[in-house]
Every structure is written in structure tokens, then in C-alpha cells.
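Naming follows writing order (A, B, C and D), and every chain is counted from residue 1.
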Amino acid sequence: MTALAAYTTSTGEAFQFWVLGTVAVIGALCTILMRKAVHSALCLAGTMIILAVFYLANGAYFLGIVQIVVYTGAIMMLFLFVVMLVGVTAADSLKETIKGQRWLAAVCGFGFALLLFAGIGNASLKDFEGLAKANEGGNVEGLATLIFTKYVFAFEITGALLITATVGAMVLTHRERTERAKTQRELAEERVREGKHLPPLPAPGVYARHNAVDIAGLLPDGTPSELTVNRTLRERGQIRDVSTEALNDLRALEQRATDRLERPDLRRTDPGRNGDGDSGAEHAAAAGEQTEEASK
Amino acid sequence: MNTENLIALLVAAPLLGAVVLLCGGRRLDRVGHWIGTLLSALSFVIGLVLFTDMLGKGAEDRSLHQHLFSWIPVEGFQADVAFQLDQLSMTFVLLISGVGTLIHLYSIGYMEHDERRRRFFGYLNLFLAAMLLLVLADNYLLLYVGWEGVGLASYLLIGFWQHKPSAATAAKKAFLVNRVGDMGLSIAIMLMFTTFGTFAFGPVLEASEGTSEGKLTAIGLMLLLAACGKSAQVPLQSWLGDAMEGPTPVSALIHAATMVTAGVYLIVRSGAIFNGAPDAQLAVTVVGAVTLLFGAIVGCAKDDIKKALAGSTMSQIGYMILAAGLGPIGYVFAIMHLVTHGFFKAGLFLGAGSVMHGMNDEVDMRKYGGLRKYMPVTFVTFGLGYLAIIGFPGLSGFFSKDKIIEAAFAKGGTEGWILGSVALLGAAITAYYMTRVMLLTFFGEERWRHRATASPEQPSAEPAAETRGQHSEPHPHESPRSMTIPMILLAVGSVFAGGFFSIGDRFTHWLEPVTHHDHGDSPLSAATVTGATMVVLVVGVTLAWFQYGRRPVPAVAPRGSLLTRAARRDLLQDDFNHVVLVRGGEHLTRSLVYVDHTLVDGVVNGTAASVGGLSGRLRKLQNGYARSYAVSMFGGAAVLIVATLLMRAV
Amino acid sequence: MNPVNYLYLAALLFAIGASGVLIRRNAIVVFMCIELMLNACNLAFVAFSRLHGNLDGQIIAFFTMVVAAAEVVVGLAIIVSLFRSRHSASVDDASLMKL
Amino acid sequence: MSFPLLTATAALPAVGAIVTAAVPAARRTAAKWLALLFSVATLALAVVVAVRFDPDGDRYQLTESRSWIADFGVRYELGVDGIGVALIALTALLIPFIILAGWHDADPLETKSSRWRPTQGFFALILAVEAMVIISFEATDVFLFYIFFEAMLIPMYFLIGGFGDRAHAGSDEKASAQRSYAAVKFLLYNLAGGLIMLAAVIGLYVVAGNFSLQEIAEARANGSLDMATNTERWLFLGFFFAFAVKAPLWPLHTWLPNAMGEATAPVAVLITAVVDKVGTFAMLRFCLGLFPEASKWATPAILVLALISIIYGALLAVGQRDIKRLVAYASISHFGFIILGIFAMTSQGQSGATLYMVNHGISTAALMLVAGFLISRRGSRLIADYGGVQKVAPVLAGTFLIGGLATLSLPGLAPFVSEFLVLAGTFARYPAVGIIATFGIVLAALYTLVLYQRTMTGPVKPEVASMPDLKVRELAVVAPLIALLIVLGVYPKPVTDLVNPAVEHTMSDVQKKDPKPEVEAAK
């Protein structure tokens, strides 16, 4: 029994494995399936934390902590940072461009998993030593001794690698301004030459009810103008279009105005100059009311 | 001095002339013709010297031999440049250089108005050199050189007026047909090489006794093919008629006196081989007989005087070939007729040339007539030649032709009878067409007076015809001295040569060592044969006289019987060639060009295209998307794992 | 329960990450998937070190983390500069390998 | 070790090529003279080789041997037998004439669509080809030979594709398109052959363990190296294929008409008279020398192909409308004769074949160069565009005729000797083949005379009416060639003496005896 008995874990660990393992897998799947990079990042972070837990469960205390601190703490944050910096592109359209790519990928992944399972399955991994002995001097001390004795060179080289990576990152991201900055005059002339947007871009629509930059200003015909909104917002598709409700408000106001002043609806009887004039006056009145309401 | 060394000079003299004249450039234009004539005369003189020297010796040791240098020395294949001068060669040397010289002389006057006269004489000398080389060679390969050399010379001379497409075509045709014959000669030489290991006359002819008849027959037939090509025998005779496009002296020298008789020389020279191969001999006689009739018939129908004479040449050479085919009985007479024919036919041609010269280069006999008053010398010489060729008793033709007919009968058996009667028939026709020529040309009314312009279907032979002649009425006149003298000399030859040869069988004894003559046993007595010949002769002449002498001759040829029309077209032989060979060849080459372009090339291009297409399809996989590359990488990794797992499983 | 399951889990995660790399077009996400694969490996290492009862596995995992960190730094830098140059973080846009 | 004469002979033109190429573009004429100088110097060296060579001495003389790639037993081994000497002499002899004939071919075009043409490059390339050809005639190490056999293609490719004939049908673009097509076709065909040969070379190394022709031949002879029958046959085929492409043998011939048609006349001569000879030479030296049994095994098939080449090439020549293509097809027919002679396995046949290589080189050079002069005058390659040239340019026409007569192997001119030897040698062993091949001489007469008649005779075409006759330079090119044709036709003994011993060696390689004549008449 003792010899052949497969090394088993405590039921607690087993329970923990089955629960967290499922969550980890789900997280991984979400990572690759979420449409928005941010969500993927978050799911990945979750998975990593779970992995950290598993490390701890496997007696790799140091790694567990490092996993949380370095990975989930640093690297994933770095990811998010870059996402914020770059990921303005709206979520990937999950429509595949390369024919058959998705199926191939799925098949490959699935088959690969099967292969690995097969490999692990027919490897003889019955009896686990357990880390009790190795960790008796303390896990961190154990690692430290190994790092600074057996793996010292690798360690040093890793240091070098890190330095190189940092420098490399700086080099890559650092942009030398090669050409002289354009003066305003030049910019203006360029605009004239290109023949678009001679005047400055129009401002976003500002209304009493919501004066946010993500609201497109309305063109005279009431349609929203894309130009008025920041490009990033546009690309993220985070523009709120208020043209319709604004028009509805107007219509409601006029309705109320006609009711209150008990004047017959001239617009239907004789459409004429005065009618127009009235409507103009009503506009003004409506605007006045709105401002009053906003001030309250 | 040692006379062997002179032999080379025989060839060298005219060769030198050719080189000088052809490379000399325009500065020789004024003396060129004299250089040429003198050099050919020189070789004639050398010939005479050697002849006298030869006469001084005994009959057996007359054969001279000169070895110049080893030509093609290869393992088992030794070709030398060496000359052999025996009685046969000597006969030819004298004929060639003698007649050649006369015709050089004649040409001086005849070609006077041609600005390329120097070149013409160069070609003539080249021809003489080649012809002498042909008859002097001591092995078949060297003979082959001369053989092709005369072919080249005749090509150049037939096409001398190259600006005329007809002339150029005729020249090409002559060369090509000769080439077919040459093919026979070269195959014969190869056969000799494989059979005897050599192709020198001596060894081959010695060894030919002990050789299998099959081999000898093969060689003999190949030699016959060669002879047919060169001597314009059926089936390779078609070129001779067209060859008349050349200047008349050329027709006289090459296509009457010398070159066309090379075939006879070849057969007589290879007598030993033919003696061992009866079948080959039979073939030779048949060819001779057929050509004899063929040429005669063609000669009857032609209105172009030169073409008529060409037909006659064909049939006369038919006689010689026939005689040569008879074996030892006939060799001598073949050669004898060859020599006499050389005289009178050359004379006839020169006469014809003289007539044309006087008649503004008109060749259509129907536009002649009654010329005897205007050009007496020509008339007399031509007449003598005429009498000689029809075999008028006492003149050359009489002796030689009569002997041939006898020999034909003497062949014995049915063959003998058939051949003999064919020969007789030929004699009759000869008499007929020669009389016709004679009457049309020199007798009857003067049809050339106030006649319309030349009939289109008979393009005149000379280039000047387009400029002068044709439009103005001709003023027949006698030719200059330089032209008449050769004609006179040749006439003399054609009168006396035959008698001189056959009195006391001089010629037979002279050639004895070469031809080993034997008198066959003729079923008919010589007298009978002679009588028969006379009869047919008279018949032929009277027939012709009734047809052309009594009645006026229409200026435009009547439609004539089917045979006549066929004969006018060389008995349709040309049409046959044209339809079968020319058209067929053209289609063959065209289709082959197509095949080469589509099939042979197409296969290759097809493979290229298919490879291109395949690669194009494969290229689609390389879409440049990193992810698809990643997939393949990943798949590859998976495959690797599978492999390793299987390895470990195994 | 047998700790081998950790290995199975690692394999599964690795495969998922791999397919992610193949499926996603957003470079950042692709990067995340790579990270996922690395982590799966780390898990395997840790499990192995438990299996063999020594810490070498953990050491390797440790190094892997370091390397991963370096890699992420450089990679993200590349992505950023890429985005600067072509205003997109899609891997397919960089299909320059095609002639 | 004495002065490396062979290396010098091959190196001199190479140096010349470099020097010529280095001449600045402005000094065009200087480059030409330099090239001519170097080619003449090479000729002098070749003469020295021919003099130093003793026909009755060892098989390979003036040998040099240095280790080159020791690991693979590749040695830098040079040596010449009689055949090699003859062909080296031919090459060295022809190149000066080629250069002289191409004097103006590479001058910048005056047409407005003219690209800049590196004149000195033209001559440098010609010299480079000469160097490679010479060394491949000298190499007795298979690998060494292979390298230069292949390297030859590069300069040839540029010569064909880069310096096209100015006389083309249609526009410049069309012409350059055809030209590049021809060049690429040339390259592909020969590369394909070369690759297959490379495989065979490697195979040979695997079997024999080294590349030295002599060692392998000796080993074969004394039985210390015996190949399996099939191995030998495959190797033989590998070699033969490459040589048959180069030779070119039907049905691998189609690159030649394109190449010769599009290239300038001198380059065409370079192709057919010099470069292609390497193929036939290599058949004689490598195929028969290394694989005698396989050669004998393959003989029937090869003879048939050769026959087809002879007849087929001649017939197609008759069908051509383009002068240069006509000459090309004629050459195909002649190469058929050469291959026939080689594989007839008789000493007459092989001597004839070797002689044929030399004579065909000279005769084709004469004909093609004159044709080139003709074409450069009228600016058209189509036979139909000519007529009556004989009237206006008699010397040109005369030389053209002599060249043509040499092509139809008229007795008295050099090619006749070789052709008759080949025919007789073939006939001695395979009478039927010999007879069929004899038809070739009739067809040769046909295409030559048709060509001459259509171009030179007949009424003078207005376009050619003002055609100038040969200039001094051109005469200087043609006259020596023609003189050579006549001399070698009358007195070929020097060449045959040079060749015969080598041929005997080859015959002993293949262990064949000449068939004995049935009647020993001479004895």
C-alpha cells in the first residue's frame, strides 16, 4: 500500500483544485474569447491569481508570492497600461479574416492538448516525493541557496537580460524628433493646401442637460457631426448621440407652449410669415425655460 | 624527264586559271578570257605530250601513276591524292582539254558583251580542272571529288545569268538531282570500303573477281545511280533540259561533250565490278535503253533548239550507257561513241549558239527557217554534225552507233534482240528529230521576217533578249571568226574521228588493256545490222521531210497529239517530280516546322507552365499573416510530439 | 487526488493559450495568451518540483518569470512603437512577409 | 614541375576578360583592341600547346595536378589528348575572328529606345567564355570539368540576352522580349542538363571515391573498380543528358534556334562553333571514357536519335524563313553527324567526328559571319527580304556561297573529309544507319542552295540595290576562314595525325575493334 499507493493530497487541496482549476480554465477561455482587450486582461489576471494559489498549494511559497506581486501586480498592470495607451481601437471584430484559421487553431489547440494528455498519461508519474524535505530549511532559503550556488551564472545572465530588456524597451519606445516642428503658419498653409477644415474643428455639443465631450454637436439639420468629438472616443464608439432626443424635447416644448397660450395652431391653418415668426419667438421662450430649469 | 609528274599539271593548269580569274578581281577583266583559254590550251598540250609519250611505250606499261600525298590517313581508311593515267583516262583527257579549249575560244566571241566574262572563264577553267581530276583520279574518293567538282562548276555555269530566276532554279535543280546520284556514289564507296577495305581502282577491281555477287550487284547499282544522276539518265534525267538555261558554250562543253558522259566513264572504269554482277549490268542496259527512247521522243517534240539537242544528248548517252551495260562487248564502243558524240554534239550546240547569236538569241526553231543563205559556215558545220549524228555512212556517228547496235544484238538471247531493236528504233527517231531540227532551222521560208513579238511561252535564253531582239526584226549574220573556227574544227572531228578510230579497230586495240574487249557472237552479221540501220535512217529522214520539209511550218506550235504534248513536258516527268517531291517535301517541312514549334517545344513549355501554375497555387499558402505561419509552426510542433511519442512507444 | 492533475491543468491552459495566440488578432491579447502559456509551464514546473522533491523546478519557474517579464517589457514596447507607426495593434496589419 | 602551359592558356583570356571589363566606358575602342590582343595571344599559346604536344606520346600530356578540395578528392587536374588539342586550337582560332566580326555589334544603339550597352562587357564576356571553354577541354578531373561546363552558361546568358541582334522583326520591345525568352530558354535547358549531370557526378564520386578521369578509367580497366550494370547505366545517362542538351541532340535541340536567331551573329558562332563542341567533346571523353559498357548499351538508341537529328534538322532548315535559324537547324543536323560518328565506335567514325567538330566550327563560322554581315546591311533576318545580292555585292555572295558549299560538305572543302569519314565509319558497322544518314547530304544541298538562290540570285530587290560589298575588316574575318576550309579539305593530315592516337585510346577504352573488310584486297 505504502509503496504502490499513489501520492495523494488532502481532500481540502483536492476540493480547492477542482474548484479553482475550473475557474482558472474559465478565466483562460475568457481571456481568449473576450472581445475587448481590457476584459481579456482582467480575466488573465484572475487566472494568474488562481495559479498563484496553486503554487502555494504545491509548496512553492516564494513563487506564489512572486506570482501575485510581479505578475498580477506588475506585468498585468503594465498590460492594462498599454491597453489604455494603445487599445483605443474598438474591440476586435471577431470575424476571422484568414480563411479556416479559426478552425485550424481550434483543431491544433485541441489536438495539442490531447497529445500532452497522452504524454502525461503514459509517463510514469505515480509517486510524488513531496517538498516536505526540500522545504524543511524554508522554501525561500532553499531557493536562495540554489540560485546563488548552482544557478548563479544563469541568475547573473538573467540580470543582464533584464537590463538589456529595459534598455531595449526605452530604445524602442523613445521617439527622436527628426524633423523640425511645424509652425502654426505652416500648419495653416498645409490645411489650406489639403483643402479640408480650414477653420478649427467644431466644439462638441453642449446642452444644459449633459455637456460632456462625448456628445456630438448637431448640424443645422439636427444630425450629429462626427468632427465635434474626440477621435479616441469615436474609435471606441463611445459617442452619445442626442440629436433625436433634443428634437423630441423641442417638439414637446412647442406643444406645451401652444397649449398654454391657447392660441389656435396657425401652422395648420395658414402657414405664413407670422407663423414663422411665432415659432421663432417660441424657440426663444423654450430656450428661456430650459435655462431656468437648468438653473434650479 | 619523268612524265608522271606532268599528270598533276594537267589538273593544276586550269585550276590555277580558275583561282587567278576568280580571285583576280576586275583588273583582269580585259585579259581574263585569254588567260583562261591559254591555260586550258596548256593542259591540252600537256595531254598531247603525255599522249605521244604513251604511244612510245608498249601496250601494257602505258598506264602511268603519280602519287602526290596522303589525303585522309585514318586507322584502316587510307585515301590518297594520286593520279592514274591509262589509255581510258588519256582518251578523256584529250577530249576534255581539246574540246574544252575550242569552246574557250568560242566563248571569247560568244560572251563578248557580257561584263562578267572573266568570271565565266574562271568557272570554265574550274570545270576543266574538276573534270580532269575526275578522269585522272586513281581512287573512287578522289573521283568523287572531281565528280562533285564538275557538279559545282555546272551549277555555277547553268546559273551564270543569276538574275534570271529560271536560270537560278535550273542550276539548283541540276545540283540537287546530281546530289541524289552522288549519294549513290558515296554509298558505293562505303560499300567498297567495307567490302575491300579500300577504294583505289587497282585493288578494288582486282579483288572484285573473288567477291560475292550480291555485294558486287549492290555496288554496281549504286554506281549506276551515280551515273544516272551525272549522265541525265532516267529516272534522274530531268535536270538536263532545264540546264539549257546556261550559256550555249556551257551546254556544248558540259551538257553535251564532257560532264554528262562522266557516268559512262564511271561504268566503264568499274567494268570489273559490273562483269561480276550480271543483274547490275542488266539494270544498266535497261536504263540505257529507256533513256535512249525517252530522250529521242522528247527531242522530237521540243521547239527550243537547245532543248531539242538536249533531248538528243540524253538519248545518245543512253546509247553509251546501253553499250557500257553490255560488258566487255560494249565498253569500247561506248567510249568511242562518247568521243565522236563529243565532237558532233559539241559542234551542233556551237552551231545552235551561232544561230542564236545571229538571231538575237531567239531559241524557238519555229521562228527560224531558211537561214542557210545567211550563215553558211554555221550551216555547213551544223549540217556535218547532223549527218554525223544520224549516222550517215562514212561519218563518225555511223561507225560508233552502228557498232553499238551490233553489240546490242551480240548480247545474245532475248535481251539481245530487245536491246538491239530498241537501239535501231532509237536510230530511226534520231534521224527524225535531227532532220526536223535541220529543216526548221536552215530550210523552208524565213519565218523570222515580219513576225509579231516573241511568243511568250518560249522565254529566250540570253539576257540581252529583253533589251534588243524581240522588237526589232533580226538580221541574221555569220558569227565572228573566233566562233566559227571551233565549229569548223569540231566538224572536221565529227566527220573523220569515227572512221579514224574504227579502221583496223585502232580504238579497240588502244583501249584493250583497260576494257579487255571481246567480240560477242552476234546473231546477225555486221552487214545486216548496217543495212537495217540504213533503212531506219532513211525512214526517219523521209518522215521528217514529209512533215516539215514539204508543208510550211506554223509559227506557233500546234496542239499536237497526246504523246507530243507529253513529250513537250519531258513526258510529264517534271510534273511527277513537282507533285510528289516538291509539293510533298514542302508539306513535310511545313508540318515538321509546326511539330517542332508545338510538340517538341510545346512539351517543354507545357512543363514550365504547369510548374508555374503549381508554384502559383502553393504561393497562396504564403499569405504573409504571422498567425497562419504560427498555425503551421504549431501543427509542426504537434507532429513532432507525435513522432517522439511514437518513437518512445516503439 | 493525484497531483498529476496539476500537470493536466497546465497542459490544458497551455493549449488554450496557444489557440488564443492563433485566434486573436489584437497584438496585446496575443501577448496575454503567451503569458498564459508561460504560466501554464510554470505550473507544470512547480508540479514537477513537487514530484521530484527538489527545488530545481521552482528555480526554473522563477527564471521563466524573469524572462517573461523581460519579454513583456520589450514586446509591449514593440507593440507601442508599432501602434505609433501604423495606428493599429492588429497582427494582421503587419503582413509584410508577403511579397 | 614545368611551366603550367595549359593553365596559362586558359588563364590568359580570363585575365583578358577582367582587363577588358575594367576599361572605362569612354575608351570603347581601346577595349576592343585589348580583347583582340588577348585573344590573339591566347591563339599563340594554343599554337605552342599544339607544338609541344607529341601525338605519339602518352595519352594525356602537359598534365598539371594540384590538390584542390582534398576532402572530396577533387583535384585541379589538367591534361590534353589529341582531341583536346585540336579543339583548343579551334577555340583559340575562332575567338579573334568572332571578336573582329563583332567589332561594332556592341556599340551603343543610336535608336532613341537605345539602352546603354556596355561595349567592353561584350568582349569581356566573349573572352570569359573562351577561358571556360578552354579549361573544360583541358580538365581531366570530372568535378573541375563540371564546374566550368556549368559556369560557361553565365556569360553566354548575358551575351545572348544582353546583346541582341539589331536586325529583328518588329519593335525593340518585341525583339528584347524574344531575346530574353531565348536567353532564358538557353539557360534553363542547359541548367536542367547540368543539374542531372551534377547528380551523376556525385553518384560517380560515391561509386568511385574520386573524380580523376584517369584514375577511374584505369580502375575500370584493371577491374579494381567495377560498377553494377545499372549504376553505370544511370550515371552514363546522367552525363549524356547534359552533353546531349549542349550538343544539341534531338529532341533537346529547341533552344538552339532561338538562341542563334536572337543573338548577334558572332555570338551565334560562339554558341554553335565553340560552346556546343564541349558537349560532343565530353561525350567522347567522359561518356565513352568512364562508362564504356553503358555507352555500348545505349548506342542503338543514341544512333537513332542522331539519325533523327540529321534528317529532322535538315528538313526544318529547309522550312525556315529566317537565315540564322536556318543555319541553326543546319548545325543541329551536323551535330547529329558528329554524335553518329562518336557512337559508331569505329576509328573512322570517331576520327571523323573529331575532325567534324573542327571543320563544322570553321564552316559554320564562315557561313554565319557572312550571314551576319549580310543581315547587318539590310537589317532583316528574313530570307524573303533579300534577292539579287550577288549582283551588287559579288564578294559577299561568293564567300556566302563557299560557306554554304562547306555546309553541304562539298568535296575539296574541309567538312567533306569529316562527313565522309563519319559516314564510312558508321556504314562499316551499321550499314542501314549509314545509308539513311547519307540522305542528309541531299537535304543539306537542298537547304543551302535554296538559301543561296533566294537571297543572292534573281532580280535585285530595291532594298538591297545599294548594299555595299564586304569591307576590309569583314574580308579579314572571312578570307582566313575560307582559306582554312580549303586547306583542311585538301590536306587534313596534320589534324588527323593529331587525332588518330587519341581515337585509338578511346577505341581501346570501349574495347571495340573496327569491323574487318570482307575481302582483304589491300593485303
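As a convention for this text, a contact is a pair of C-beta atoms (placed from the backbone, for glycine too) under 8 Å apart; a residue touches a chain by one contact, two chains touch by 3 or more.
What you are looking at is a predicted structure, and each value in this text was computed from that prediction instead of being measured.
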Does B-C or A-C have the larger number of C-beta pairs in contact?
-> A-C
Per-chain Cα centroid nearest the overall protein Cα centroid belongs to chain D
Distance between the centres, which are taken as Cα means, of subunit C and subunit B, whole angstrom = 98
Per the centroid of Cα atoms for each chain, what is the distance between subunit C and subunit D, given in Å?
-> 65
Go ahead and note the Å separation of the Cα centroids belonging to subunit A and subunit C.
-> 19
Roughly how far is subunit A from subunit D, going centre to centre by Cα mean, in whole Å?
-> 75
Among all residues of subunit C, those touching at least two other chains are 18, 22, 25, 92
By residue number and range, which residues of subunit A touch two or more other chains?
-> 97-98, 101, 104-105, 108, 112, 116
Per-residue overlap in subunit D, given as positions that touch at least 2 other chains | none
Inter-chain touch pairs (all) = A-B, A-C, B-C, B-D
Mind pulling up the subunit B residues that touch subunit A in the complex?
-> 623, 625, 627-628, 631, 634-635, 637-638, 641-642, 645
Inside the complex, what are the residues of subunit D that reach subunit B?
-> 188-189, 250-251, 253-254, 312, 315-316, 318-320, 347-348, 351-352, 388, 390-391, 398, 405, 410-412, 416-417, 420-421, 423-425, 427-428, 431, 434-435, 438-439, 441-442, 445-446, 449-450, 453, 456-460, 490-493, 496-497, 500, 503-504, 514-522
Going by the contact rule at the top, pick out the subunit B residues touching subunit C in the complex.
-> 622-627, 629-631, 634
Contact footprint of subunit B on subunit C as seen in their complex = 18, 21-22, 25, 91-92, 94-99
Which of the residues in subunit A end up touching subunit C in this complex?
-> 6-9, 11, 13-14, 17-18, 21, 24-25, 28-29, 31-32, 37, 40-41, 44, 47-48, 51, 54-55, 58-60, 62-63, 66-67, 70-71, 74-75, 78-79, 82-83, 85-87, 89, 92, 96-98, 101-102, 104-106, 108-110, 112-113, 116-117, 120, 125, 128-131, 133-135, 139, 142-143, 146-147, 150-151, 154-155, 158, 161-162, 164-166, 168-170, 172-173, 175
